[in-house]
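Two complexes, one shared chain (subunit A), two partners (subunit B, subunit C).
Presenting the complex of A and B:
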């Protein structure tokens, strides 16, 4: 519990994480306010905008880990926060669990608040709102955990932040791949979006729970690999 | 008490540490002396569970690092720089470190005062000088009032007043029965501070003993060091 408390404190006192919170909180309701919903997109109104807000979750997932590995600067090029984290914790497993736990809590609360705000601006309210909001919360949380896992492997935030944000906003690589092979439907972002979107241009139509389970499998696999690597690697 | 026995480590195909064995005893300041790249930091990082050794054991108070519960109350560590993220304030850094080991919040202000950073505590770490960063790192090491201190080049970046302050603090810790192990490549400075010396060279122990034993018949520790390592040019 003490480690979880420490990780929560670490995350919430980091300026870049606060930027992630702001992006997640402001982007979806902001876009909702300025967008007109065409008739055929009615059933996904609000939820499409919430897809964009996942950028906030990505930022949180990346910076919670990349901040551990940021060098302190020219005066102390070897100085990094990870040494403080690990000399204060005997178990790397508990350290990673606390980090993932704090990230999960913060992103889940962020997703819930943002979804409520965004849907409050959406009229008429789409069908099945409550289970689909649960889907949004799970999707954001899983995406943050994927970003966290990738950053544990890269130890720098630049690559995962760029790739994941571009894939969400500018051009979806997974969407393009789905034009080439139907297997791309099982990439975590495409599969997971079935949890809350009805109209998805995907070659395979997954049920919401199936989509969630596919995404969960990615999260579990990636975090397991990352945990093994972190255990074996010199800090 | 620190016990290092037969520690060996490779990086790639290079053997960086071979058969490193020494002790650092309670009530004494032990200096780990060697040129840059001799393996001082590697040994300390293995002791602190940061890096892995292929051979041997490194124990703090009889236990390997990964067996410690609430490690900050057993061993405090100062490695490179401050160990803090640059965009956090000094106080925010110490607060999460304290929280990670369930230490009382009031302890943060105590150690800030102890290292002379009370006034800078609300400033972001990126605005700190190298010396202030070292003081912040030391504050984190002292949070849990540990029995053992492990410090890598602690006087790096400190001004002459800071060096003197650090020396007195370390000798006081030892006088109260605690164990202090510090590494340095500054031989003159080390000779002023330590009771015992471990000399490391090319990843091997070249000599160990009390300051007088290691200095031997040489005029200074520095002379003894160059005689031991044959590096005096």
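Presenting the complex of A and C:
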């Protein structure tokens, strides 16, 4: 519990994490306000905008980990937060669990607040709002955990940030790949978006729960690999 | 600065650029991914001409140039800047030399990228007219200006991750949304004055970065 609290404080006091919170909170409602919703997109109104806000979750997932590995500057050459963190908690498993837990909590709350704000601006409200909001919360949380896992492997924020932000674009890389092979529908972002979007140009039509499970499998696999690597590697 | 110091400064900056591992990685990735995107695009956009197929992936390659500019500028602020300023105390001169060197490197990288992209597109779509030089040159200049702008932003922010969040957030997410509503955005490319607007943005960004760098503690 102390560990969890420590990780929560670290995450919430990082300036770049605050930027992530701001992006997640402002982007979807802001875009919703300036968007005109065409008739055929009505059933996904608000939810499409929420897919953009996932950038906030990505930033949170990346910086919560990349900040551990950033050199502290000239006053402590070569000093990194991770050495302090691991002195504080010798168990790397507990450390990783606390970090993922804090990230999950922050991103889930952020997603819930943003989804409520965005849908409050959406008229008329699409069908099945409540289960789909749950889908959004799960999607944001899983995306943040994926970002966290990739950053644990790379130990720098640049690679995951680029890959994942690039892939939230309107014509994403995975979307392009899905034009080449139907297997691309099982990429975490495409599969996961079935949890809350109805109109997806995807070669395979997954049920919301199936999409969520596919994404969960990616998260579990990635975090497992990351955990093993963090265990075996010099910090 | 005398002509001799300018030459030395540019040479030193060029050496730094040429030996940064992240630069090599981004350049290779850009050169590998762009032709692949050409092939995907040629397969999906069946009615587009060869030139259009060749130019479309450059919208993604643009992100490689954002990365290039941001990483180069941010690497300097990992402590290297103290050494650089000890050698070249003229801050305005140093900053301008940096922008110039980056632009020169990016000109080469962008030219290769555009040639690769257009050649792949022509191979994938061999029939129809093919006049790539005008639009190709515009695209190359645009990529160079993008890198210079990104470097200026990263110089102001002094770190790669915040700079990339801002820049990628703009280029990937915000720009496609607001492009139809606002004019004079940094990535505006159309019409006769195609490059005037991006060039003005790059100039403003370099001027701002130089002023900030001049006034602030390193």
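Please note the rule applied: the second predicted complex is superposed on the first by the 229 of 235 C-alpha atoms of A that agree within 3 Å, B and C clash if a C-alpha of one lies under 4 Å from a C-alpha of the other, contacts with A are read in each partner's own complex, and residues count from 1 in each chain.
To be clear about the criterion, contacts are C-beta pairs under 8 Å (C-beta built on N, C-alpha and C of every residue); 3 or more make two chains touch, one makes a residue touch a chain.
In this text the structure is predicted, and so the values were computed from the model without any measurement.
Enquirer: So, on subunit A, is it clash or fit between subunit B and subunit C?
Expert: Subunit B and subunit C fit side by side in the superposed model.
Enquirer: When the two structures are overlaid on chain A, which partner does A:5 contact: first (subunit B), second (subunit C), both, or neither?
Expert: first
Enquirer: Is A:72 in contact with subunit B, with subunit C, with both, or with neither (first, second, both, neither)?
Expert: first
Enquirer: May I ask you to decide whether A:38 touches subunit B, subunit C, both, or neither, giving the answer as first, second, both or neither?
Expert: Neither partner.
Enquirer: With the two complexes superposed on chain A, say which partner A:168 touches: subunit B (first), subunit C (second), both, or neither.
Expert: A:168 sits against subunit C, while subunit B stays out of touch.
Enquirer: Regarding the shared-chain residue A:23, is it in contact with subunit B (first), subunit C (second), both, or neither?
Expert: second
Enquirer: Pick one for A:124: touches subunit B only (first), subunit C only (second), both, or neither.
Expert: In the superposition, A:124 contacts neither subunit B nor subunit C.
Enquirer: Is A:86 touching the first partner subunit B, the second partner subunit C, both, or neither of them?
Expert: first
Enquirer: Minimum C-alpha distance between subunit B and subunit C after superposition, to be given in whole Å.
Expert: Scanning every C-alpha pair, the shortest subunit B to subunit C distance is 10 Å.
Enquirer: Considering only the contact definition stated at the top, list the common interface residues of subunit A for subunit B and subunit C.
Expert: Dual-contact residues (subunit A): 15-16, 73, 77.
Enquirer: Touching subunit C in the complex: which residues of subunit A?
Expert: My answer: residues 15-16, 19-20, 23, 27, 31, 34, 52, 55, 59, 62-63, 66, 71, 73-74, 77, 157-158, 161-162, 165-166, 168-170, 176-177, 179-180.
Enquirer: Any idea which subunit B residues touch subunit A in the complex?
Expert: It is residues 45, 48-52, 65-69, 71-72, 75, 77, 79-89, 92-93, 95-97, 99-102, 125-126, 130, 133, 137, 140, 157 of subunit B that touch subunit A.
Enquirer: Please output the residues of subunit C touching subunit A within their complex, sorted ascending.
Expert: Touch list, subunit C to subunit A: 22, 37, 40-41, 43-44, 60, 63, 67, 71, 78-79, 82, 160-162, 164-165, 168-169, 172-173, 176-178, 181.
Enquirer: Would you mind writing out the residues of subunit A in touch with subunit B in their complex?
Expert: 2-3, 5-7, 9-10, 13-16, 67-68, 70, 72-73, 75-81, 83-91, 232, 234-235
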